[in-house]
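Order of writing sets the chain letters: A, B and C. Residues in each chain are counted from 1.
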Amino acid sequence: MQLSRDDLLGAYRRMATIRQFEERLHDEIKTGEIAGFTHLYCGQEAAAVGVCDHLAVEDFIVSTHRGHGHCIAKGCDVKGMMKEIYGRRDGLCKGRGGSMHIADLSLGMLGANGIVGAGAPQAVGAAIAAKLDGNGHVAIAFSGDGACNQGTTFEAMNLAVVVKAPAIFVFENNHYSEHTGVDYAVGTNKDIASRAEAFGMKAWRANGSDYFDTYETMRELLDYVRAGNGPAAIELDTERFYGHFEGDPQRYRGPGELDRIREERDCLKAFRARVGDAGLLDLAELDAIDAEVAQLIDEAVSEARAAPPPDPESVAKDVYVDY
Amino acid sequence: MATLKAFTMPKWGIEMSEGTISEWMVGENEPFTKGAVLTLVETDKITNEIEAEAAGRFVRILAEAGGTYPVGALLAVLSDGEAAAADIDAFVANFKQADTSFEPDAGAADAKAPPAAAPPPPAAPEIPAGIAISPVALTRAAAAGVDVATIKGSGPGGRITAQDIDQVVRPVASNTLAGPYPLSPDTDVFASPMAKRLSVLHDVPLAGISGTGARGRVRKADVLAQIQPVAPQATVVAPPVSGVTVNAMSSMRRTIARRLTESKATIPHFYIRRRVRADRLLALRAAVQGQRPSVNDYLIRACALALMEVPQVNIQVHGNDIHRFESADIAVAVATEKGLVTPIVTRADERSIVDISAAMQALAQRAKAGKLKPEEFTGGSFSLSNLGGFGVEQFDAIINPPQGAILAVGTARPEPIDDDGAIRIVPVLHLSLSCDHRAIDGADGGRFMAALANLIERPELL
Amino acid sequence: MAIMNIREAINRTLHAEMERDSNIIVLGEDVVGGAGTAGGQEAIGGIWGTTGGLYAKFGAGRVIDTPISESAIIGAAAGAALAGKRPVAELMFADFIGVSLDQLWNQMAKFRYMFGGKTKCPAVVRMIYGAGMNAAAQHSQSVYALLTAMPGLKVVLPATPADAKGLLTEALRGDDPVMFMEHKTLYGVKGEVPDGEYRQRFGEARVVREGGDVTIVACGRMVGFAEKTCDKLAAEGIGADLLDLRTTSPLDEEAILDSVEETGRLVIVDESPPRCSLAADIAAIVASKAFTSLKAPPAMVTGPHSPIPYARELERAWVPSPQKIEDAVRHVLAFR
C-alpha cells in the first residue's frame, strides 16, 4: 500500500512538530522558566511517527521519560503539552505531572513514565484488555536501550508471549542509556531484538532514523500481530540529538559525533530528500508546513507562558476518584 | 499395653483453619489396615479422604459426622490394639491442642472473660441541622453557652470536635516564654543533648560520668545524679522492738506530711501572739436559748469580720502572685480518726453565727465520716485551729498553703486582766497568728489581731 | 577543618574510605559514566557528581557502572556484602527503591535475622531523595519513613557536610545495611568538615538551636527551614530546641523526650505525606512516653496526603516551609 500525499504531508507535519517542539524547549529551558527534568526526543521523530502512524485512537501506547515525541505522534494537543511542561493549570495533566508524566487516555496515550522499564508490563496489560475486547487493537510499549535491561521488561516480554497478548515492544536504540553506551550496557552484543526473540516472539529490525523503513517494517509487524499471532518486537536504530536530560554535558560523545549524526542521521532531512528525489512532494509544501508548525509552537509557548498557574489549594485534589 | 495416638483435624494448604467431618468410614474399635479410608473431611475448598497411615483402630471417636472442627482438634483416638477405657479417658483429658489459629490474640493462656455490659449511653443531644459536630462537643458547647455556628471545626470534614469547644472556652494559658538558650558547647563525650545542657547549667563536667544510656550514652539522669548526689536515704530500719507496732502512713497521712513539710520548709513563718478577754463572749453565748453555737463558731465569725477589716491577711500566695479574696472563706481544722482535715466555711463574713454553727456542724460530721467533697476542703483564704477543747493554753500553727495565715486558739482560762484600772480575773484566750512573711508584714498581722481582739471583747459586734 | 559542600564531603569520604579498605566497592548507574561510548569512561562520575575520580583511582574492578537495573544493583550489593565485601550501591533517585524493593526489604534487611545472627550485610545504599526541584511524582519522594519502618535497615540523612562525612564513614565502618539518603537540594550546602578520620554515631540527634518554649524535630532539608523559623522567632523571645535527627533508624528518642519534657510543645517537620510518616511516628512516641509533659497536641508539618506535584506553585504548596513551621509553632504556643 503506497503512502498517499496526505499521509506523507501528515507524517512530515508530525515529525516537524516534534522536532520544533523539542528544539524550542531546548532553548526555553535555558531561561529557567521551565522547572524539573526534561528529556528531549529530538532525533528520534521517525520512530514515534513511523510507529504511531499505523495506530487508531483505540490502540494503546505506553511511553517513557523521553515521551514528548510519542505524545505528539499519538495526537496529544501540543498546546496542552506545552502548558503542562510550563506547569500550568490548563496543562494536559493540570500541571501535576510535568514533562515526565504527560498522558491523554482519551487518545490511547497511557502516559510517559519516570521509571525506566515501568511501561512494558503496563502495555502487556493494555494488550490483554484489547484482546479481551476482541477489537483487533494493539498496545505498544516504547522502551529504550536502557529499559531493555530492566527485569520488568524481561518479565513483560515473557508474559506477553505466555498469554499471547497483542503487545508490541518497540525498542528505540539511541545508543545511550543515560550516560552509558549500549556497547557496554546491553550484554547481548548490543543487540536488543535477539532478546525478544529469545523470549519466543518474532522480532524485526529497522532504521529508526528513516521514516519509511520504520513505517514499512511496522506495517508488516502489525499485520502479524493483528492476525492474532501474539506479541512482537522491533528494534529501531536511532539517534538522540540532545543529552539524556537538559543540562547533560554529554562528555560521553566522541569528537564531532553530534555534528555527524545531525548530518547523516537526521530523519527529517532524510524524509525531505526521499520525497524530493522521488518527486512525491514539492519541498515548498514542506517549507510551508515548517512555517505553520513554527507558528503553532510560537503560540504554544506564548500561550503557556501567559497561562494561569495552578491553584495551590488544589494540591491534594485528584489523588483518588472518591475518598 | 496399647499405644494411643491422637487423630486430629489436618491442615491442607496455607489458609485452612477448620474442616468438617463429612463421614466416618470406620467405626469405633473396628480394625483397619494401612491405607484404609478413615474419614472424609470437607473444607471450603475441597473434600479429601484421610487414609490410615498404619494399621490400627479408633478406640474412641470424638468428632461427630457433620461437625466442624478447627485444625489440630482431637477427632478420635488411634490405637494399635484394644485399650482400657480409663487410659483413653486420661489420653483425651491430657490432649493439648496445638496453637493453629490465625488470630493475633490466639494462644493466650485462658479465654478472656466476656466484656462487661457497657452502661447505656446517655441520651445524645440533638445535633443542629447543617452543622457537623460531635455529640461530646455539642454537650460541652451547650454547657458553656457557646454558639457552635461560629466555630470552625478541626475534625474530619470540618466537624467540630470537643477540643474545638475547649479552645474557645478555656482561658488562654499564661504563656511565660523561656526564650532561646545559648547553644551548648560541643563536647566529645557521648551524651544526650539535655545531659550536655545540664552539665553546662550546673557546671558538672561530663567527662568521668559513666553513662547509663544505650551504648554508654550519658543521660539527663546521669548528670542530675551528679548535681544532687542521692544520699543513701536514711532508711533507718529500726531493730524490731517488742511493744512497737509499725504502721505505714496512710495516703492521707502522707499528704498531710508532705504539705506541711513543704509549708514549714518553704514559707517564712512569723508569729503574733495576743491575749484577749473572753468573759463577755462567753456570757453572750450562755444567754443563747436552745442550741448554743460553740465558742469556735463565734471565733469563725470574728475572724471573718477581722479579715474584712484587714484584707491584707485574707489571701493566698501562688508563686510570685498574691491572690486577694473578697470574702472570708475560713478553713477550720477538724481532727478525724484518719488525721487532720480542714473543711471550709465559705463567705463566713456574710453569715450569721447560727448559720455558721449549722454549717460547721454539717461539715465536721461529713469530715469525720470521710465524706467531704473536694470543693469543701480545697481553697480557703484563712485557717483557724482551736485546741481549746484539749485544755491547751497556747500553741503556734503551721500555715495551710496556699493560704497566707492561720490562727491558733487555746482554751479560755481565768487570768487576771487590767479592766479599766482594776485587776479582775476573767476567762482569757491566747491567740497566735502565723503569717507568711512573703506576703504579710508584721503591721498587717498586728492590725488583724487588734481587730480580732476588739470583736471578741465586744461580742455584740459579731 | 576545611570548608566544603556536601557533594565534596561525600566524594572525599568515598575516596578516603576506599583507600583505607580494599573491600569497599561502588556500583550503580553512571557512577562512572561513559562506559561503551566514544567519550570514554569518567564521563560524569554520577549524575550528582559524588563518585567522580573513583574509577581512575580504583579501577573497573571496584567501581562498577551498571545497566539501568535497580533490582540487580541492590541485589548484587546484598550478595557482595554477604560474600565479605562492602558495597556502596547508588540509586540515582530514592524513588527507584520501588523497582528494587524486594532486594532491600525482603533480602538485605532480613538476612542477619533470618540467618540467626550468623551473618552480616554491610551494604550502603546511597539514594537521592526529596522535593524542591520540580522533579514531580516519581523523582521527588522522601522514602525514609518506608525504610525506617523496615527492621534491619539503618536510615541516615545528613544535613551538613560534616555529618555527610561522619555518617558515611560510620556507615562504611559498621556492619549493618545502611540507607544513606542524600537530599538533592542539599548537595551545594557548604560547611566546615573535620579533617582526618571523623565518625558520627548513629542515633545521636544534632542540637541545632536551644530554647525552652518548643521542641522542633526535623531532618534533611527541613532542618534548614526550621533554623530560619527559629531565628525569626528568637527575635520575639520565643526559644526552640531544634533537633536534627541525623538518623531515623536508630532514632534518638531520648533527645526528643528530654526536650519535650522541658518545653511541653512539639512541632515535627517531615517532608512526606502525613499518614504513617516519621512525623506520625514521633508524635506517637511522644504521646505515649511524655503525655503528661505536653501542653499542646504535637503539631506535624508535612505534605498533604498526595503524590508530589510538578508545577512550581503546587510543589511549593506541597512541601513544608519555614512559614508553615512558624505557623505550627505559633499554634502550639497558643493552645489553650
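Observations on the model:
One rule holds for everything that comes next: a residue touches a chain if its C-beta (ideal position, glycine included) is under 8 Å from a C-beta of that chain, and two chains touch if they have at least 3 such contacts.
This one's a predicted model, so the numbers in the text were calculated from it and none came from an experiment.
The busiest chain interface, judged by C-beta pairs in contact, is A-C. Nearest to the common centre of all protein CA atoms is the CA centroid of chain C.
Note on chain placement: the centre of chain B and the centre of chain C lie 44 Å apart, centres being C-alpha means. Centres computed as Cα averages put chain A at a distance of 71 Å from chain B. Rounded to a whole number, the gap between the C-alpha centres of chain A and chain C is 35 angstrom.
By the touch criterion given at the top, residues 201, 203-205, 207, 209-213, 230, 234, 237-241, 243, 252, 254-255, 258-259, 262-263, 295, 297, 333-336 of chain C touch chain B in their complex. Residues 35-37, 84, 87-88, 91, 93, 95-101, 113-118, 146-147, 149-152, 176-187, 249-255, 257, 309-317, 319 of chain A are the ones touching chain C in the complex. If you check the complex, the residues on chain B that touch chain C are 163, 166-167, 170-173, 175, 177-184, 190, 192-194, 196-197, 213-215, 217, 219-220. Note for the complex: chain C touches chain A at residues 29-30, 33-40, 43-44, 47, 65, 67-72, 95-96, 98-99, 133-139, 304-307, 309-318.
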